[in-house]
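Just passing along the structure, written as structure tokens.
Residue numbering begins at 1 within each chain, and the chains themselves are lettered A, B and C in the order written.
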Amino acid sequence: MRRLLDARTGGLLALALIIALLPLILPNKFYYDVAIKTALNALVCVGLNLLIGYAGQISLGHAGFFALGGYASAVLTARYQWNGFAAMAVGMAGVGLLAFIVARPILRLRGHYLAMATLGLGIIIAIVLNREIPITGGPDGMTVPALRLGEWRLIGTTTWYWISGGVLLIAVWLALNLIDSGVGRALRALHGSEVAAETVGIDTTRYKVLIFVISAVFASLAGSLFAHAERFITPTEAGFMRSIEFVTMVVLGGMASTYGAVVGAAILTVLPQLLTKLHDYEHLAFGAVLILVMIFMPKGLVPTLQNRLRHLVGGQPR
Amino acid sequence: MAEFLQFAFSGLTVGAIYALVALGFALIYNASHVINFAQGEFVTIGGMATVALMTGGGLPLLLAIPAAVMITALVGLALEKFAVEPAIGRPGGASVVTIIIITIGASIFIRGVVQVTLGKDFHRLPAFSGEAPIDILGARLQPQSLWVLGVTLLVVAALWWFFGRTRFGKAMLATSHNRLAAQLVGIDTRLVLLASFGLSAALGGLAGILTAPITLTKYDIGIMLGLKGFAAAILGGLGSGPGAIVGGIALGLAEALAAGYISSAYKDAVAFIIILVVLFVRPSGLLGGRSTERV
Amino acid sequence: MNKRNFLRTAAALVALGALGIAGAQAQQGPIKIGSFLAVTGPASFLGDPEAKTLRLYVDMVNKAGGVNGRQLQAVIYDSAGDARQAVTFARRLIEEDKVDIIVGGSTTGETMAVVPVVEEAQIPFISLAGANVIVEPVKKWVFKMPHSDRMAVEKIYEDMKKNGKTKAAVLGGSGGFDQSCRKEAKDLASRYGITVIADETYAPTDTDMTVQLTKIKNTPGVEGIVGCGFGAPTAITARNYRQLGMQNIQFYFNHGVGSQQFIDGAGGGAEGMRVPVAALLVANQLAGNDPQKKVAEDYTRAYRAANNNEAVSTFGGHMYDGFMIAIEAMKRAGGTDKAKVRDEIEKTKGFVGADGIYNMSATDHMGLTLDSFKMVEVRNNTWKLLY
């Protein structure tokens, strides 16, 4: 019973409950669609949060990994008639390998140099996807076949709601376990001070590379699922603005908070749908929201609210 | 030869624009270790404000230019005052990521404002001294390119004088080397920070005005210019003024020559490929010093 | 903006995160015309006049009493030219707003991404984008308005052939609109006895095309350049073309440059360039007996009056045609039954629009022919109708 009440299990349970009950109030397919996008964005953010929140490294190129996963699924199933799950696995392995190869040289860099390197990587991926028209369909994108499980074609928004919700739940569980493991402790040390961590014998680069690869694989998986759920993919998915979106979701929700990443993803997926009614003022409003949240809640929504809540019940703020 | 010269002219002109944007990045970075992702938007404001002042306000070019530079500088000051300072002025300061998101938010916001107030169309400014191209050894140059290159040189000279010879410039330089020490010797580092945003915005605005006759101007022209300028600043070594200039020109030339002699299809990727290679080999840029982290 | 609608949507969307009640009810209210357009972003020159045109004509039709005794309501979303957002908005139009028809899709990418959604939902969709793939093969619920990029290239090659030019260079951007035109230019060349001997690309954000043009200039034998593109890069190309003194090579642009903005932005560089465009752009030069003259002039007058005298572009014309064909079909169908309206759109015959005269059929969901495309040349900073 005590275990049920600790933040981790309790949080997982709450998330599962929300996913299970949400369909009761979703009025139509459009809302399911937004919910699917929320879950898949959250999947990327849970991985990215490990990198940004725990390893203290920034990536402005994760959309590149997301799109690579999506295109691996799209191209292999559409052009080479692969099984969707095999394509997805190959995408994840390929992206993981790419991340591993570039990780060492990239993660030697710090702060803004790291931002530039990941940004550059993402943009190069986007440019390649745009230019290799015979393979990727170019800027107009390509249609993606349905994912098949035996004879069962996985189509329809309700099916994909349960798939993406389930995968998100597993991902959150994995991330939480990782954070509580030895790797997680090493990471937290790393976030404090890299040099200090190194002097006490932590191989910082190894952990950074590991987390970079894990977060890239999460993104790749989300990209594959996205491609099959939407049945369409374009190079915009790899774009700079998309990478920014992911980072913003993590930071807005709260760095070093897995649930924060989920909340951030939910807000920034739903918010543009609300703002679109403002027509021309949409971008203006979106920019203003980003600035204001960062000024007034620099730790992000979830940690800030958690702290306030603790204050209210009289506990010690962390 | 004429062909090479033509490519080089193109590269130099575009490179000078990157250099001016990169210089803006360097100025702000020096004063605050902030990367201002809204730097490209200063270029937009400079160009678009000049167009608006001329067509809407009926000002002649000669008056519209200083007015637009001033408007851009004011936007820069406002950005520092209302968005950046509240974040880094807080006890404990703000993380790199927080500031990046604030400035990205600012760039989206500024783009939104320009789009709503001045529209989404592209506009052209008249060239300062006519459109008749100049023939140099078989290559043809727009007279406006000379303006861009000339003013870039002037700006570099002026900055050199400012940082080397004036009291305030030296104070800014001191702040960039060691903020705490600068505060201890009585330098108002907040003022330095504010000034760096104003100055850098003015530079961006100027770049936007100079290049508008060549590149045209539009509410979203700043996005790619900002990214390329950032790449140029990193290439030269963050915070290094001469580095920013060298980085900008180098990127411009590399792009033009790659498009000319290899293929124009991947021209846009050239800048980012170069930057990745350089960072892998020399993580602190071409002219950047090595830094150590304090524990 | 409809405030009540906004609040309702807001409430429903908040429900995604917590608890809430969403009200989605269909009522016998206004006829809803849904649209997703590239109002911002790189293709805003398409979506902006399209959105303005839709708003304008919904107003005008409502003032004149509506359609079948019901008022019209436009629901417009800004897709920023992004296919992913287009899909989201198409679902939203169908599921949440419960629109009766969709007229929109500024770009080919958006349109193609949305096709599976509208086919599944069985709702008539009139696209405003260029590429042939949209209606080839024919899709049951999908129609499209403007001339295709293939027709633009055909018109250009006809003109080259007529003037005895056989060696072409292709220059275009890397965006979807440009790529589609470049592909047609290369595919169709042999049919007109033309060989493409140079092919150059630029990025949509490029600010200088002298390198690409220099390479074309130094390719011996080029007699005509086919430019594929739109927006600022085309104006910069025109400027660089003059800077490099290449006027001895005839420059053709596709219909993406069909606006006064292009000529102004080029600062004199566009002089002598030829462009295949819809009649709308040269309405005042059309012969008095040209059936399109009245439509084009009326549209121009209405659009300019409503938008601060802003010059018309051909893109707003696409929306005019799509909107009119949609409401004509609803009138003939006597209601908004989706299947009936679809059938009636397919039966559109002899409809005189801004882009040309439409004759649709079960095998042709565009309905335009090459004759309604006009070849124009830039002379003294304005469009001059050639033929």
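To be clear about the criterion, a contact is a pair of C-beta atoms (placed from the backbone, for glycine too) under 8 Å apart; a residue touches a chain by one contact, two chains touch by 3 or more.
It should be emphasised that the depicted structure is a prediction, and the values quoted were computed from it without experimental measurement.
Chain-to-chain contact here is organised exhaustively, every possible pair of chains being in touch.
More C-beta pairs in contact connect the chains of A-B than those of the other pair, out of B-C and A-B.
If each chain is reduced to the centroid of its CA atoms, subunit B and subunit C end up 36 Å from each other.
Centre-to-centre separation between subunit A and subunit B, using Cα means, comes to 32 Å.
Residue numbers of subunit B whose C-beta contacts span two or more other chains: 115, 223, 265, 268. Multi-chain contact residues, meaning those touching two or more other chains, occur in subunit A at positions 131, 280, 282-283.
Of all residues in subunit C, those that touch two or more other chains are 40, 174.
Of all residues in subunit C, only 1-2, 5-6, 9-10, 12-17, 19-24, 39-40, 76-78, 82-84, 87-89, 91-92, 94-96, 107-109, 112-113, 116, 131, 174-176, 179-180, 183 touch subunit A in the complex they form.
Of all residues in subunit B, only 3, 6-7, 9-10, 13-14, 17, 115, 120-124, 126-127, 131, 133, 140-142, 211, 213-216, 218, 220-221, 223-225, 256, 259-260, 263-265, 267-268 touch subunit C in the complex they form. If you check the complex, the residues on subunit A that touch subunit C are 22, 25-31, 33-35, 37-38, 130-131, 133, 138-141, 143, 230-234, 236-237, 263, 266-267, 270, 273-274, 276-280, 282-283.
Subunit C meets subunit B in the complex at residues 40-42, 44-45, 48, 174, 200-203, 205-208, 210-212, 214-215, 218, 231-232, 235-236, 239, 242-245, 261, 264-265, 267-268. For subunit A in complex with subunit B, the residues that touch the partner chain are 52, 58, 60, 105-106, 108-113, 115-117, 119-121, 123-124, 127-128, 131, 193-196, 199, 240, 244, 247-248, 251, 255, 280-291, 294-295, 298.
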